[in-house]
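Next, two complexes with subunit A in common: one pairs it with subunit B, the other with subunit C.
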Partner chain A sequence: MSRAAPRDRRRDRREPPATDASDQEPVDIPRKAARLRIPPGYLVNRLLTLLLTIWIAATLIWIIPRLSPVDPADIMLGRMAAGAGAVQDADRILDQLRESFGLNDPLIVQYVKYLRNIVLFDFGLSTATFPTKVSALIARALPWTLGLMVLSLLITFFIGNLLGALMVWSHSPKLVRIAIPAAMVFTSIPPILSGLLLMWIFAAKLQWFPLAGAYGLTVEPGWDWAFAASVLHHGFLPALSIVIVTFGFWALGMRGMMITVQGEDYVRLAEAKGLRPRTVLYGYMIRNAILPQITAFALKIGLLVAGQVLVERIFAYNGMGKLLYDAILDQDFPVIQGVSYVIILMTALAVFLVDLAYPLIDPRIRHGSDG
Partner chain B sequence: MTGVTTRAARRRMRRFDNPWTNPKLFCGAGLLLAIVALGLLGRLLWDLDLVFTGSAPLKLPPIGFENLRGQPGVPAHPIGTDGSGRDMLALIAIGAPNTLFVGFLASLIGMGAGIVLGFTAGFVGGRTDDTIRVLSDVMITIPPLLILVVFQSAFGDVSLTIMALLIAGFAWQSPTRLIRAQVLSMKQSGYVMMARLSGAPTHHIMFREMLPNLVPYLFGSFIANVTTSIVTAVGLEVLGLGPQRIPTLGRTIYDAISAGALIQNLWWWWGIPTVLLAVMFIGLLLVNLGLDEISNPRLRRLGR
Partner chain C sequence: MTEPGHPDGGSRIHETAGVPGTTAETVHTGSGRNRGRGGPVDSMTGRPVLTLRELSVDFPTPQGVVQAVRKLSLDVRLGRRVGFVGESGSGKTTTALAIMRMLADPGHVSGGTIDLGGVDMLKLSEEDMRLARLSRVAYIPQGAMNSLNPVMRVEQQLWDAISAHEGRRNRKELMRRSDEALDSVGLHPRTGRLHPHELSGGMKQRVCIALGMILRPELIIADEPTSALDVVTQRQVMQTLREAQALAGSGLILIGHDMGLMAQSVDELAVLRQGELVEYGDIRRILGNPGHPYTRALISSVPLVGGKSFLRPSSAREAPGSRRPAPLLTFDRVSKVYGKLTALHPLSFTLRGDVPKIISIVGQSGSGKSTLGSIVLGFTHPTAGAVRFEGRDLRRAGAAGKLGFRRDVQAVLQDPYACFNPFYRVRHALAYPYRRFGLARDEAHIRQRMEEVCRTVGLDPDLVLPRYPHQLSGGQRQRLIVARALMLSPKLLVADEPVSMVDASLRATILSNIYDLKDRFGISILYITHDLATAYHVSDYVMVLYRGRVVEAGPPGQVIGNPEHPYTRLLVDSIPWPDPDRPWGGSAGPEPAADHAHVADAPFAYRGSVEGFELVTR
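Here is the complex of A and B:
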């Protein structure tokens, strides 16, 4: 951190950043030909931020349960008692459980062990479904979450940016320019509310779509059409409930950027040259206006992830959200910790990748490393 | 005479050009006030003891509807009752303001911390600035919901205020970044240089010269944070965490889903809190859009 940070500060003093949250600095003309490589100083800076994020998150997840008066071994014993009626030698079993959870070691030893385990994605054993490894549970749930997320994200990014651009474009039909802002008011609500409404209308009332699950009970998971159709059928409502409430965010940002781009000289020139309005829109305006949207994505992803966790919970979709919800019901701490850690790791990685991709997408951006 | 014309001109300006008379801002604020009014009038006009479990018949529909057992709605419970015999009107009269309260308190605390940290980072610079900048960069990546899930599942029941405090722990990053960026850019501006050259003390520059210019940004950031905080709070409640005994809109939705209200067609149970939350978010969005137009005149022109 220390190597890159002072440079950053100097840059800020020289040329104060605008309200834009991006940490980069536009340069009018690239001196050399467009450089499609990431400056090493910037790479190191982002990498250290990534590691710091993961470390802080992991530490928080570790410290918080240890400040609490609740003892995981106690809960475990309580579950055994509830299952078997009574437990003999309760104290001895409690001690054994503590030993197997490593709760008898000094705190610092526990912490170091925990950090080592978390790097290896070893979160211990689930207490609710006892001998199952937490990592196995997560590995089973993760593909569903990632699939739903990538799909809904791509759709919403595409629709949102297109609508946002059309709102500003002077050639778009009047209806579009009036209808979209009105419809966008409803996109301020979180996906869980839209999910509830869609679920009620299309699953409970009309019964067009199933109420719960990620695939039908009658189909066998496998690479065949029946399974794929079932997955699409089950995934449609969760994806839709995310899309209809998130496209407004992109549309709003795009609208702001398009207003700025609209007045630029190159757009005027393109229009004066007599290019078709559609060519000007796609080739000149959207191409330039869409770039800051990609950094906006880095800031938004945390909320998107949280929203999706909740959508999965209400649709009982077989992803991380359902796993987390079941773990909360069962007070299954290892699973709660593991799921939270993996989701935070995913978020931090996504932000890191967006940060790295940005200079590749926009060659005008130069990073503070060679200033 | 000049006094008269300037006053007339000022009045004209106020009527036509004052950016604060923004229709979106007014509509949004109206919706939010309606929810506050619901809470206040409910306390005055309605018997809030009906919020206790078993104080009314179970699963009664609103007036004019019938539930699956063929029971009609009764005037004693105009918008129905839930699955454990609580009056919905009393439930939302207490729950809606509670939800709003958590959002505003969390955002207020986050904002306060953001102002202090942002100004400190922008003014002090050096290592302090680095630390604050890196910390806010790191913390903005971590989704608050997940850390809070770990926290609340470890600690169990919390009060509304504690919940707001916990959420506030994740509401300071974006105001900090915003204010730091603005302070750094304003430090270079003419009027701040002027103030500094004329020997004004630092706190004067901070609070009398800079802060007034930040007001529209601060309001915008504040409202955006209220939205995020409420989303986080509702998220925790829908996962079954958060305050266990105090009615909130999210908790009501959790109870409804857990009891299978969607399949049993008890739409008023989950529907009324859902609609109220939607009204809340739409109100906050409208306020935010209005503030955007106030601080960015280009958007204003587009709206006309």
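Here is the complex of A and C:
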């Protein structure tokens, strides 16, 4: 960025003479369209970074389970034995299972196959719910998680940042300024406890909301009002428990940024301009304080799936978190790999999109071709 | 001024009203043309737009109430410019904020009245006060570098100001008015489409002036509007401000601490000290015959080219004349290129260091002088050429060589507020590098050394060492930075604008401290500045940098006392003199500007050499 300014200075000589002669300060007025265009070099650079991130992460996911002494074929056999009482020809079946999972191939072959497969979103078969495809399990769970998590993340982001800002704003009502820090207490409660508490109050005692599931057993999944209402009804408590627990993270981050922004000269000038206090709050203070929060938001998208495993578990919500939880219990490696891969993909994509969009929200950042 | 605390505002009105000023005519035309309110113009001439009576501002603190402003009474009349001058903490800005009713908690007006055009400002409701801001009294805050919202385009920041006072306006009208406002301060209307980071400091300051004027307020308060700008830009911005104010016919309060700038900019001067008005009256009278010793001190603190030196005559022994096997610092065709911009054209010089010298590098912002300093400090690597310190090429030096270089070359930088880690006490800041470089024998030795350097820069060690940086004033901090550099007994000191953020009255002291290092400790100094008057006094040799090239070099008496190159002349002429009769801008003629062809194409002027420093001229 610092290099861009002197460059502009050079082009200045062609500026129209209408500029006041005494003002030797150079101006290069970029056209708006030019500013918003993403340079191809930058895009390629970002895309390569994206692919590299995914590749490294995918490789790690592949290596880590292989460091474990547990043999998935053993586990499957054990499960079969537990179900049937005894298994005949155990060695032959073990061998067949190893063969069908490709565990007998040399590692490099397994790795290349793995890479090819994840590009096609093929994570093989689940060992716990054999022979269901992992991709099918994920496809079933993902919409629920995306719905619940993204919605609650958006709500948390909105509420947390607003409350954080109000904690600092000098025109906030006194009550707000006292109430918010008190509400922060919830942030220190682990999500399991707050979830259980909410369930106990609103589901068990008051019976306003259902205890478990993502939608009612009596409604048919489909794009109709009854189903949507059921989904919202079922999703409310899990979402609320997430919001209560996590808004403090945003509020505290926002509070810190607001304190910095509050002391900026442009906020003081905005006040001296006689702007309405609300205009100053939204257009000058929050607008600037929110910038680092947006980067944090992108990172949170991926982390949320992993972070809210227990919430889904408690509310028996059939999302990615529950899928991951069950898979870990069952040592179902293909599912763990698949879920981890999706989490990484989401995080990397979110960061990529924020990288591209950042110059739109902060004009000081420009797409540099050197990344 | 028999009663400094209670100046008789009323009698002063008569005194100053009698002085015929050119601005009076401007008020007539300006008011008649531009002013919608205010009634018949002729009878309104000289009407006080702001009347302060016995204004007091208190800041209650746990240690007791601090009276930031004490019983201040004065008038500002339409079309007149009043300067508020004084050191930091004298109550200048507090008074301005009290008028705007923007005092930071827990500050409050504890007594007196603020009357703006017949309205008691202290009785207005919050909403009425909001509407009065900008439309009746505009405040241009200090530090215009950050005064604009970085995520909004410039014109949007003018528009929201209009809308906040006049309700929604259609885009066409807003556009027309913002373009007009920018045009009135000499900016191309297209500047409005830019974001603040794309503007230079001078342009941002002009935008702030345009903003202050856009609703044609009766009173404008400009708080040190040019403190961050170099002399040339300062003069241009001040002229813009004066023209805009004269056109609108408003009253102007100019806050500052530079008597030279005041002399060139205002009609009346109010001298404040510790919240009290110690002197108030016509600028010519005050400058010609200052009544209060504090005013005299302020006036004499302005260093003048060709004037009496502010440096104490050196009482120290002769500089240690050690023979060095290799020159201290050598630049061998050193240049620096950023992308397409050449920040520094190939430059070669040798500083022997046998006899310590102070070399000044002067120029405007963007002339490449800070790049040069950064190369000397080893923070920036030259694009081409070699920098040799004591004969060793810095880039080829090993770890031990680099460490030695870090110890031998110390820096005093511009911002005394940002130079200390706020978490550590001063004691730690001074002792840490001393220990790290293995210079300390034991704790008592460190203690003794710290006390020694503190006394050298005129600070009481018992007072400053146990404190945290934020508990010290800017001047104290800047002296501590000199002390910290001194701890390591460096051979070369790079001082990059060491006094530009310090009160004028303290500048001389700090520069004296730096100057003493040369003779007492044999330290050579590279003094980087845009302030030619101080360079004139402290330096042995001056190099004038213009667009990365040395355009004039020689002893200060020659280069600054009698400049040859048109650019140097422009710099010298831009210095505001504390004499209202001396034209600001020097010789008559067309507006001097740094990009005129006669400046850019003028040949290099070599004005002589000094022993121990050789500039290689092609």
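Here, the second predicted complex is superposed on the first by the 305 of 371 C-alpha atoms of A that agree within 3 Å, B and C clash if a C-alpha of one lies under 4 Å from a C-alpha of the other, contacts with A are read in each partner's own complex, and residues count from 1 in each chain.
The rule we apply is simple: a residue touches a chain if its C-beta (ideal position, glycine included) is under 8 Å from a C-beta of that chain, and two chains touch if they have at least 3 such contacts.
Everything numeric here is computed off the predicted structure, so don't read it as measured data.
Participant: Which partner chains sit in contact with A:R313 here, subunit B, subunit C, both or neither? Use first/second/both/neither.
Facilitator: Touch partner of A:R313: subunit B, not subunit C.
Participant: Just checking: does A:T129 make contact with subunit B only, subunit C only, both, or neither of them? Give me first, second, both or neither.
Facilitator: Neither partner.
Participant: By residue count, is subunit A touched more by subunit B or by subunit C?
Facilitator: Touched residues of subunit A are more numerous for B.
Participant: Counting only touches as set out at the top, which of subunit B and subunit C does A:Y284 meet: first, second, both, neither?
Facilitator: Only subunit C; A:Y284 stays clear of subunit B.
Participant: One more residue to check, A:N117. First (subunit B), second (subunit C), both or neither?
Facilitator: neither
Participant: By the touch definition at the top of the document, which applies to A:E264: first (subunit B), second (subunit C), both, or neither?
Facilitator: The answer is second: A:E264 touches subunit C but not subunit B.
Participant: Give one of first, second, both or neither to describe whether A:S172 is in contact with subunit B, with subunit C, with both, or with none.
Facilitator: In the superposed model, A:S172 contacts neither subunit B nor subunit C.
Participant: Now for A:T59: first (subunit B), second (subunit C), both, or neither, which partner does it touch?
Facilitator: neither
Participant: Can A:I361 be said to touch subunit B (first), subunit C (second), both, or neither?
Facilitator: After superposing on A, A:I361 lies in contact with subunit C but is clear of subunit B.
Participant: List the residues of subunit A that touch subunit B in one complex and subunit C in the other.
Facilitator: 1, 5-6, 8-9, 16, 18-19, 21
Participant: Within the complex, which stretch of subunit C touches subunit A?
Facilitator: Within the complex, subunit C contacts subunit A at residues 100, 102, 105, 130-135, 138-152, 160-161, 164-165, 186-188, 190-191, 193-195, 197-200, 202-203, 206, 208, 211, 233, 236, 239, 338-341, 343, 591, 593-595.
Participant: Show me the residue ranges of subunit A that touch subunit C in the complex, using the header's touch definition.
Facilitator: That would be residues 1-3, 5-10, 15-16, 18-30, 32, 170, 264-266, 268-277, 279, 283-284, 287-288, 291, 361-364 of subunit A.
Participant: If we count contacts the way the header does, which residues on subunit A are in touch with subunit B in the complex?
Facilitator: Listed in rising order, the residues of subunit A that touch subunit B are 1, 5-6, 8-9, 12-13, 16-19, 21, 49, 52-53, 56-57, 60-61, 64-65, 67-68, 70, 168, 185-186, 188-190, 192-193, 196-197, 199-200, 203-204, 211, 256, 259-260, 299, 302-303, 305-307, 309-310, 313-314, 324-325, 327-329, 331, 333, 336-337, 339-340, 343-344, 347-348, 351.
Participant: Hey, which residues of subunit B end up touching subunit A in the complex?
Facilitator: Its residues touching subunit A are 125-126, 129-130, 133-134, 137-147, 149-151, 153-156, 177-178, 181-182, 184-185, 187-188, 217, 227-228, 231-232, 234-235, 238-241, 253, 257, 262-263, 265, 267, 270-271, 274, 277-278, 281-282, 284-286, 296, 298-299, 302.
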